[in-house]
Amino acid sequence: MTDTSYPLYLDLAAGLFLLTAVGVLWRHQLAAMIRLFALQGAALAAIVAILGIHQHSLELILVALGLGVLRAGILPYLARRALGGSPAEARETRPVINVAASLLAAAGLTLLAYAVTRPLVALAPSPATAILPAAVAVVLIGFFTLVTRRRALSQVVGFLLLDNGITATAFLAAAGVPLIVELGVSFDLLLVVLVLQVLTTRLRNSFGSNDLDELRELHD
Amino acid sequence: MIGWALVGACVMAGLGVLAAVVAPRSARPAWAGAATVGIGVAGLIAGVAALSGQEFHAWLPGLLPIAGLRLAVDPLGGWFIAVTGGVLAAAALFGIGYAGGGHGPSGRGVQAALPVFAAALLLVPAAGSVSTLLVLWELMALASLLLILAEHRGRPAVAEAGWWYAALTQVGFVAILLGVLLYAAHAGGDSFADLRAAHLSPALRGTVFVLVLAGFGSKAGLVPLHVWLPRAHAEAPSPVSAMLSAAMVNLGVYGVIRVGFDLLGGGSRWWWLLVLTLGAVSALYGILQATVAADLKRLLAYSTVENMGLVFLGLGAAGIFFTSGAPGLAALALAAALLHVLNHAGFKALLFTAAGSVLRATGTRDLDALGGLRSRMPVTTVLFAIGALCAAALPPGNGFVSEWLLLQSLVHALPAGVVVTAVAMPVAVAVVALTAGLAVATFVKALGVGFFARPRSDAAAAAKESPPAMLAAMGLLAATCAASALAPAALGPALSRSVGVAVHTPATVLSGGLSLHLAGIASTVSPLLILIAVLVALAGCVLLVRLVSGRVVRRRAVQVWACGAGPLTPRMQYTATSFAEPLQRVFDDVLAPETDVDVTPYAESQYLVARMAYRARVPDRVEHALYVPIIAAARRLGRLGPVLANGSVHRYLAYGFFGVTGVLLVLAVTR
Amino acid sequence: MNRTALIATVAQVVTVVAGAPLLAGLMRQVRARLEGRAGAGIGQSWRDLRKLLRRSPATPTGTGWAFRLAPLLLVGTSLVLAAVVPLLSTASPLDHAADLFAVVGLLALGTVTLALAALDTGTAFGGMGASREMTILALVEPTILVAVLALCARVGSTNLAAIVTTTLHDPLRVASPASLLAAAALVIVVIAETGRLPVDNPATHLELTMIHEAMILEYAGRDLALVELAASMRLSILLGLLASLFLPWGIAGASLAALPLALASLLAKVAALGVALSAAEVFIAKLRLFRVPELLAGSFVLAVLAVTSSFFIA
Amino acid sequence: MAVFKLWRKIRRIGRTAEPAPPRPSGPPCPKAAALHGSLQVRHVDAGSCNGCEIEIGSAFGPVYDAERYGARLVASPRHADALLVTGPVTRNMAVPLRRTFEAVSEPRIVVAVGDCAIDAGEFAGGYGVHGPVASVVPVDVQVPGCPPEPAAIVAALRGLTGR
């Protein structure tokens, strides 16, 4: 990878990274959301891998592999399994804010992310920091999804977007600092457990209560 | 030259008032109208003279008690004087024809107020000092109030509109008063020259600007101070509507440019971000309300809110560029705003006069009850179509030229890379674009539903074409629109001069002959060539069709296809309401329309429906959310009155006594 | 120079007029093949046009000049567009007369004339079609202009020739996220403007689901031929514009020698885009009218992302 | 994913249209001279039992694919050259059928599809039946059969398009 094309690859990966986040807001089907999330995990892994190749650091490349497996493989798998055979949860029918409005909000959040990261980028201008706004925008959009979606699973997807964004920000802002990398990975392992907790509890709550209601309806 | 023209205008105003007082009722509108036409022509002369580079200063100490009357005309003022004069002349000519056959008001007071209003409109941009500005402004406000109330005997809605207008215009006046008096007090002088020379603290400048912006913004109908506008402009007699909507609102723009750029010299960036935001909100809100409006004059009034919003968006952009060190772009944006003022004046006066002739011919403004005017009022329909083309900002209309300029200034702002511009400009471009798109939908509705197809009411079916005087006035306006649309480059020098007053860049902003060239930007456009190309293409297309289809194919006259059922009735047509329904549904979070359906079943069974009524209206949401609470609070305050003043003399004396002692106490403590 | 430019422009207009029905035929043929049918052949649209041009047009009672004029104006604006947009050569003599904003305006003008004609017939379906078309037009505008902003910000001009030549000079910018996102946004715009799936179904027979078709239900014979021709011309011009903006290679400058190559590459690019479009249409269903705003909002987001990336990348 | 599933199905099935049979011989309809291989058809159900509709549907379906000969169903009689009328004309449909006929621009071709359309068939003399199509509008081409085979309908259309 030559130095001229390195920013280009990085930009393309960042564009994909951001687009998938917007796509999650756009789609109604939860299955599609999870697919997009997996794609985003791949994009994140690609960003880290490109950074690693550029800096010739094996460590980063390994981390990228780990991220790819975790974000594009394990987490989507778990989420899809949680989705499983529950048609009631298959669609995000009526989000708190309708889809068109939330897409406009995503546009606004991106502009906001650009505005706030401008000084950071100015501190150390480099291809890596140049795409920092995309990462921050993903953080904001993930948060937005978390807030405005009703389904438990789509909220979890929003939470995972948020985490992807945070990870990307960490790698881009402090590229090559082993400590933060270690922290990020360990934080991810912790996260997997947490996500499973959230999944199981939230889903059990929603279904459980529903079931009870139905039973009560049967009763009288 | 300028001086003589202004004097002539004042003399003609006097004559007009005299004529309106002494002339018999039947002759009054003609006399007063003729005087107003004269005033307009004089204003046009003065404005053109000022734009050609002449200056004019006058100080008449006798006319105002303390400071004296001070007039100063520069190219910036000249631009607005010229626009106002042109609109006044055309609208007054239209008014003479309109009054024929007992239409419109012919009362003494109203007819006397018309020339006074016209003269005040002309003189406001010529004011050279704070006191002069305030006096003329108030004169204009009072005269316009009289004109708006002209038909209050006929319709109660007029009185309501008058109340709203009086309240908001006085609030605006107070804001301007506070602002400029604060400014003048700290500047230690009354004339604009003193104000320019003054050095104020940033906080004070900000306060002055915000106050003045509120005042002038209420006159220009910026959201949320716009609520008077759709009522007043819709309820006033149509010639007056044209003057209000095409001439008076511009003075709000003039005031902001004069104080913000010329006197305060640009100031800081947050002022103009505020202006930009207000403009964007007004543009979107105005056009959305216009899109769902079914009352023709209300639609036009809301479109005025939209266009003023676009102008203020241009001002805001200009200020942002000016304060972030891009004077070239600032000049361009300001030129776009000024050009849009001119173009909007042209097409809005045309549209309001056309709406006036429709109202005169059919007696209704309700688009749902119009239709079929194409065959009954052919000339008016064509003229309205020209106005609609311009208002929809489609090429080769004149609205397209000024919005093109505005977009150019916004699009090429990015390389001047301040974060604010980088974030604000895409949003501004999106707002302008959405506004333009909705304007297209709005005016397709106004023209297609109001004038085409078949009449939906007997009144529309009985319509007759207007008398020649009205058609002549509308024709003049249409010609002006065409001229400013096809040869915008001819306005280049004048525009550059008046922009130079504000942003102090002597460079020519836009130039070129056949096609329009900009200073510093490589983009060009030529509406004239586009028009010619389309006409050539039309001719070629006709020839080609003749050639290909061989023998001349005969056109068959057929019944409208009704899917095999009986002939279609006018009631089956799409109305303005149904036309706007999809957009209303898309934007219902913003518009919050009210719909109620009541079903009355037969007594025998609730499943047999006897009657079904469906009502849907889109109220002005700002009014409901903002003004209704304020009015309620004022009512509650008013209820205190009887309690405090219950008629006992002792209580009143006690008020006085405690007042005096209280003042003495305060003095004793503070000294 | 001027003569060659004139020749190039005339060649461009002739290519569009002659090629547009072929493009429509090609797209129908592709669809037929994917549906397992044999298809009527690529020339079918031309056969239809030839026949319609010889059939007598109809003037429904109560319609006037708006109805009579609309087909001619529609074709007229499309012809002007064909002359302005750089498809074969960037040296159009009309280039300084109409920039990208004017092109957008002319497209809208054509649509508006048709909508007015539909309202002029006074039928419920005509009004319905006009109302829906105007709704979509209004919602599409922001996407177009913001995408234009993304394209023009660096060029410093909104004239098409300038944009295309700048892209020719540094090919790397085509692969930049800004231009990719802008391209995606503009593809959605083209789909919405030309009434293809999933916004509008050009082959529908149900008046209640129609948008563009509902406006032309009253046209017959020659008028209908003109409307159909204009519709296919607009589609091919927009596809050609996409090609010139994002894959400008092969386009000729002011020299006649490069014209044949330019013609070949233009035909190849537009045909490829058309085939891709109609193949994609087989896989998707029409959206509900009130889901369309979601699609357009999505395209708007893409355009905004294009702008932001165009300045945080550089 | 759904798209890939559909794509695999398209690849698996391939072309379903049967090879074109030889063009039917016989005197061409004089009115069809100006068509030159392009025919827009408006279908009118004047009171049919919908048997013929099913056959028309399959005539324009993938297997028989009448569209490959240049015939196309359109949404409005204004766009049409020919009317495809099925069923005995009921009293309620007599006037609409005439109006539809008048809405088609000259020269108009009427194709009567099915026995009922040709001579009211089973329903002749029924109290709700006005009569065969010919009693309302002039018929140019007849496609007998109850219901006629898709191949017959396609053959009739080919006779008009001349392909």
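So that you can tell them apart, the chains are marked A, B, C and D in the order they are listed, and the count of residues begins at 1 in each.
Everything below uses one rule, namely that contacts are C-beta pairs under 8 Å (C-beta built on N, C-alpha and C of every residue); 3 or more make two chains touch, one makes a residue touch a chain.
What you see is a predicted model; the values in this text were computed from it and never measured.
Trainee: By number of C-beta pairs in contact, which two chains lead?
Mentor: Greatest count of contact pairs is found between chains B-C.
Trainee: So, what's the distance in Å between the C-alpha centres of subunit C and subunit A?
Mentor: The separation of the two C-alpha centroids amounts to 37 Å.
Trainee: Can you give the whole-Å distance between the Cα centres of subunit A and subunit D?
Mentor: So the centroids are 56 Å from each other.
Trainee: So the centre of each chain is just the mean of its C-alpha atoms; given that, what is the distance between subunit A and subunit B in Å?
Mentor: A distance of 49 Å separates the two centres.
Trainee: Give me the residues of subunit C that touch two or more other chains.
Mentor: Those would be 50, 54-58, 217-218, 221, 293, 300, 304, 308, 311.
Trainee: Check each residue of subunit B and list the ones that touch at least two other chains.
Mentor: Only 422, 426, 556, 558-559, 561-562 qualify.
Trainee: What are the residues of subunit D that contact at least two other chains?
Mentor: As it turns out, subunit D has residues touching two or more other chains at 76, 78, 105-106.
Trainee: What's the complete list of touching chain pairs for this entry?
Mentor: Pairwise, the chains that meet the contact rule are A-B, A-C, B-C, B-D, C-D.
Trainee: Once bound in the complex, which stretches of subunit A touch subunit C?
Mentor: Residue list for subunit A touching subunit C: 7-8, 11-12, 14-15, 18-19, 22, 26, 99-101, 103-104, 106-107, 110-111, 114, 117, 121, 130-131, 133-134.
Trainee: What part of subunit B is in contact with subunit D in the complex they form?
Mentor: On the subunit B side, the touching residues are 556, 558-559, 561-565.
Trainee: For the complex, which residues does subunit A have touching subunit B?
Mentor: 98, 101, 111-112, 114-115, 118
Trainee: Mind pulling up the subunit B residues that touch subunit C in the complex?
Mentor: Those residues of subunit B that touch subunit C are 371-372, 374-375, 392-395, 400, 404, 407-408, 410-412, 414-415, 417, 422, 425-426, 429-434, 436-438, 440-441, 444-445, 447-449, 452-454, 515, 521-526, 529-530, 533-535, 537-538, 540-542, 545, 548-550, 553-562, 568, 570, 572-574, 578-583, 585-586.
Trainee: Flag every residue of subunit C that touches subunit B in the complex, lowest number first.
Mentor: Interface residues on subunit C, with respect to subunit B: 50, 53-66, 72-73, 75-77, 79-80, 83-84, 94, 96-99, 101-102, 105-106, 108-109, 112, 115-116, 119-124, 126-128, 130-132, 134-135, 137-142, 144-146, 148-149, 152-154, 156-159, 162, 217-218, 221-222, 226, 289-290, 293, 300, 304, 307-308, 310-311.
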